[in-house]
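Below: one structure in structure tokens.
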């Protein structure tokens, strides 16, 4: 298991692994928004939580088709499926590797990008916390979509169509945490919901994903 | 240790290709599958490896027994030869990779990235991978593709050693490698009868 | 025609949109049903042509 | 005789051929009577004016939109458990009908919303939930269309349907949490004071049942087409091979 995680992380940070692309994409989205809505800092501050969450979500989506597809193409997935590792465990490790190389860095740089959008003071901490808590769910749900479409030649677009509706609850609770933190309201409920969502996704979706991969391999 | 396949039928893309395949394999034996292209060699091997369900019949074997080597070698271009081998070794809970390195004279290539290997070298690495699995039944799908005569001989030696150590091998190949313990199974005998349409409920009359 | 008052446009457009969507759905359903049935008939006719021939061949052999 | 015998394609074809004329006649009759009654012979609501007539389209289509998804979930699970092809083909056949119903519910909702709430689109929880449901239908149909092997497609869409259903329910609660909304409460309550009085209720029930029969007609017809398409594909494949 650890060997698989280390291999995936090594491959991701090596040249051609696409590490950093999502971060650059996130940066560009955040830079583009003020050009679209105008430079008024009060407007930007109002929409900052939403923009940052949507930007992180799209950046996360960008690298999803790599989660299983590269291993499918070079035959590794066949070999992993016949190996002693349970396929559910492989899914968990793959989603974890995706989170470590995409979700976590996104959560870490989000507060820096929030400066560009004039996010009010109390929001910074909770922006980081909500993203750190919510992006694992995004990675796992995304891995499910990637597992469904792994056998398709051009699955990328379909993957987005399948995964984006599934992202709705995560986005709602995640952005709500930041908005409430900015308005100095109680954040307990959305925080608990987001954490529950992440836990439930990691508890249940590996089974669905592994089933989908097995079907795609045959 | 024994593998027995009884009355196995398998399908590709919903179309039955083979039916009634039966054979047994004892420790130390090898079976070579023969047959023209499209007869269903890959489908049969994948079915026995557990990658796809059989439409009928059974495969009986001890658990965690198979090491599968398909058309693709499952190598990561961004990792070195040694890293690739070590990865698969640890997946199968093994430490030692020296036997695998020795079998195909991979020592000079150990630090090379898999990306920089030739097709034949990649294949050698992919076949050497089986030695780090510690599994008794090796399943090969056209293992000698892109291997030269010298390396084909090395491969045959590797399989022979495995058989002598009580292992088993099942392979689809067109060339005769002179394996001492190999039997040949002609798959044309088991070609599925496509005129037996009633097997598929959608082909019942009156739909 | 009932007097729809000031909301005539809304009510009529709601009915127009809904009924045309339903008509579109029914239309595509019927169209596909017909074309699939026709194609299936063709293939079955071809198969029936071949079948007696094949039966005869086995008998002769 | 067990219900599962209808899972045999040939038996299903025979059964559906006998019931289709009756079901389609019932659908046409009920919808025509319901809509004509509702459109021509009901009074205006004292607050909503003539816009109340939209209810005869809006409520039945919205009800069907949700129920069709539930039906797809059930038939998909029957496929997963019992491997009856007819079951999963019925789910495939139902999806475009569900998507159309969702679209009708959304369109009539938006048109109704303009005079009532002063805007075509309001991110009202129910309206938003239907938009999400529409996206689920699109994803489900796209997955069917993208996969060539019919059995693989059946398995994967069934998994998507199951996971999607769970997420649809979570989304519904998340959306409620996110925005409290303007929609009326229980619109079909018999409680006279809580709106929707008998005058509006009777044609609405006719229309509701009519939409149900319309769905039944279409889903039977489309399932028949899917079964024929499967047979066609199987025969063609064999022709190519032999």
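When the chains are written out, they are named A, B, C and D in that same order, and each has its own residue count from 1.
Methods note: a contact is a pair of C-beta atoms (placed from the backbone, for glycine too) under 8 Å apart; a residue touches a chain by one contact, two chains touch by 3 or more.
Small disclaimer: the values here were computed from a predicted structure and weren't measured.
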Pair exhibiting more inter-chain C-beta contacts, C-D or B-D: C-D
Most remote chain, CA-based centroid, reference being chain A: C
Centre distance in Å when chain A and chain C are each reduced to the mean of their C-alpha atoms: 42
Distance between chain centroids, defined by C-alpha means - chain C, chain D (Å): 19
Chain centre separation in whole Å, for chain C relative to chain B (CA means): 47
Chain D, residues touching no fewer than two other chains: 228, 231, 235
Chain A, residues touching no fewer than two other chains: 218
Multi-partner residues of chain C (each touching 2 or more other chains): none
Of chain C, residues touching chain D in the complex: 1-8, 10-11, 13-15, 17-18, 21-22, 24-26, 28-30, 32-33, 36-37, 39-40, 43-44, 46-47
Complex interface listing, chain D residues touching chain C: 35, 39-41, 44, 49-51, 53-54, 57-58, 61, 96-97, 100, 103-104, 107-108, 111-112, 114-115, 214, 218, 221-222, 224-225, 228-229, 231-232, 235-236, 239
Complex contacts: residues of chain A adjacent to chain D: 144, 148-149, 151-152, 155, 158, 161-162, 164-166, 168-169, 172-173, 176, 189-190, 193, 197, 204-205, 208, 211-212, 215-216, 218
Touch list for chain A against partner chain B, complex: 2-4, 7, 10-11, 14-17, 73-76, 78-85, 217-218
Chain A partner contacts - residues on chain B that touch it in the complex: 46, 49-53, 64, 66-68, 70-79, 83, 86-88, 90-93, 129, 133
